[in-house]
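Two complexes, one shared chain (chain A), two partners (chain B, chain C).
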Partner chain A sequence: KLNIGFDTIQHGIEGLVYLLTESSKLMISEVDFQDSIRVLGFSDELNKSLLQLYLDNRKEIRSILGELAPRLPSYHSLEWRLDVQLASRSLRQQIKPAVTMKLRLNQNEDPTAQVLQTDPATLLHLIQQLEQALGEMKMNHCRRIARNMK
Partner chain B sequence: ILDDPDLKDIDPTVLKHCHAAAATCILEAGKQRADISAISTCLEDCKLDKERIEQFCTEYQKNKDALEILLGSIGRSPLHITDVSWRLEYQIKNNQLHKTYQPSYLVTLNVENSDSGSHPDVSFSCTMEQLQDLVGKLKDAAKSLERATQM
Partner chain C sequence: QRFRFCGDLDCPDWVLAEISTLAKISSVKLKLICAQVLRDLLGEAIEYEKILKLTSDAKLESGDVKATIAVLSFILSSAAKHNVDSESLSSELQQLGLPKEHASGLCRSYEEKQSSLQDRLRACSLRLSQLGSVHWRVDYTLSSSELQEVNEPLVHLTFNVRDRECEKMTAVPVTLSANKFRVLLAELKQAQTLMNTLL
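Showing the complex of A and B:
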């Protein structure tokens, strides 16, 4: 319909893809984007359309690129239950409390579930340690770094 | 036991039998949480004299707690969490995406296997909100533990 050769269209698409992904990856400003494409010698109208295309799709492209980065399994959710062991093959008449948990993680879109157990003392220790971890983000040091990095 | 100088005059086979018998008796008593009178009665039925029974029971009483702890630790259970480490990091960029500016936590749960004693730790990353969710759930579990102990 466009009356252009297949190769030209392919190159055109590849060029557009490269332009948009590189721009999104680097998160360049509008001004920088406009300056960059000016050298291509397109018409003003075309430049405006390209800029709009960039701005409209930038967020989505960035979120897709974000998923390509190396990642550890990420937390999904945790289920827990309280158990008390009353007896075992080697010892009768016990009262051994434990917390059994199912930790659900996502590894590159594949959900995994792991069953874990802990005793009450360790549970309290875990809570204390992780609360300390959460507290760190509110500290001035972290806030300063987050502010200055941008 | 076979190397003990005091016992070198006794036939090793007899020694082994005695050892096995004593061990079986002790383990069974521990498993059933038998009290001293039950053990005494049992030993009386085996025709041991009073002095030996008393000696046995005293020694048993001394080591009873350690024995019960040992017996209680035998058995299978899911991977047991022993500790947790965490790391707070701030991501600036990666090769796919620059200017990411994302804080995230890396949490590692140190885990022990009752059988082999070692197991790769469980690590995962999470955002602050996810960590808050996790801590919230752990606190719920702790609260319900507390309520259960008060019943």
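Showing the complex of A and C:
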């Protein structure tokens, strides 16, 4: 309908997409946006409609870009079981407690599971380390940073 | 304050908050809703429309209906988990503010299904793999490329192992000579005797 070649239209669309995603990514102000596109030498009317397009869609583009970031596997749930080994082929009359755990993780909507086993002493050490990590949040250093981020 | 049905810990805040929602439903209807929640916990299909009909009198919003199901699920499964008897559960729920008739209706439903619930929870406990079945065959080797006259029996075993996660059956084939098989059998019998002393 516009009577232009296919390639030109494709380049045009790619250019517009790049302009909008880069501007939304960097969250540039109206003034900066206007200054940047003035260099391209378009008419004032076109500049104004491009600016309006940017402002209208900025939020949505940012939320879509936010979801593209790579994600580490996140915690889903933990199943556990406490067993006691009483005997084995090589040795009878044992008492060996063990905790078996299945750590379920979610990575980009894919569930994965990791099976772990430990004796009670290591488990207590693990709990102690995790409690120490939680305790760090209450230290002055972390509190100062959290306050500044708000 | 510590509650036995919460595993001797404090009652979670959200459970406390929903007790007042439970009190809005009549005690008769609450017992019927409990029966539905128990069906879900036992692995049968829950009839959500019935629950909606039962809660319609109390004029609960859809969020409240889901919260009611969640809190009943928690109370019933947690009580079964910690092996709480129904009288203790009833008194603890009344301490949390649930009216007496509601608590006794709930606990009567709980008492009927307590052991089935515990059996179901036991079956759902963490288990990595499970032996499905064992197939065997005894062959007699006459001859081979190494030795002209072998004349030895051979046992073929196939263990069908089910992986608890993906419900897939894996076949593990094992071939043993007669002597190795005798050793395996003797060891397994020893293990079985040990297991029987514990039962």
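In the analysis below, the second predicted complex is superposed on the first by the 78 of 150 C-alpha atoms of A that agree within 3 Å, B and C clash if a C-alpha of one lies under 4 Å from a C-alpha of the other, contacts with A are read in each partner's own complex, and residues count from 1 in each chain.
Assume contacts are C-beta pairs under 8 Å (C-beta built on N, C-alpha and C of every residue); 3 or more make two chains touch, one makes a residue touch a chain.
Here the structure is a predicted model, which is why all the values come from computation and not from measurement.
One of chain B and chain C touches more residues of chain A, and that partner is B.
In the superposition on chain A, A:P73 contacts chain B only, with no contact to chain C. In the superposition on chain A, A:E131 makes contact with chain B only, while chain C stays out of contact range. When both complexes are overlaid on chain A, the residue A:C142 reaches chain B alone and has no touch with chain C.
In the superposition on chain A, contact is made by A:L86 with chain C only, not with chain B.
In the superposed model, A:T100 lies in contact with both chain B and chain C.
With both structures placed on the common chain, the touch criterion links A:K150 to chain B but leaves chain C unconnected. In the superposition on chain A, A:A113 contacts chain C only, with no contact to chain B.
Contacts of chain A with chain B, set against its contacts with chain C after fitting on chain A, overlap at residues 79-80, 89, 92, 100-101, 115. On chain C, the positions that touch chain A within their shared complex are 125-128, 165, 187, 191, 194, 198. Interface residues of chain A, counted against chain C in their complex, comprise 79-81, 86-87, 89, 92, 100-102, 113, 115.
Contact residues of chain B toward chain A in the complex are 30-33, 68, 71-72, 74-75, 77-84, 86, 88, 90, 92, 94-101, 103, 105-107, 109, 111, 122-126, 128, 130-135, 137-142, 144-145, 148-149.
Only residues 25-27, 62, 65-66, 68-75, 77-80, 82, 84, 88-94, 96-101, 103, 105, 114-120, 122-127, 129-131, 133-134, 136-137, 142, 145-146, 149-150 of chain A touch chain B when the two sit together in their complex.
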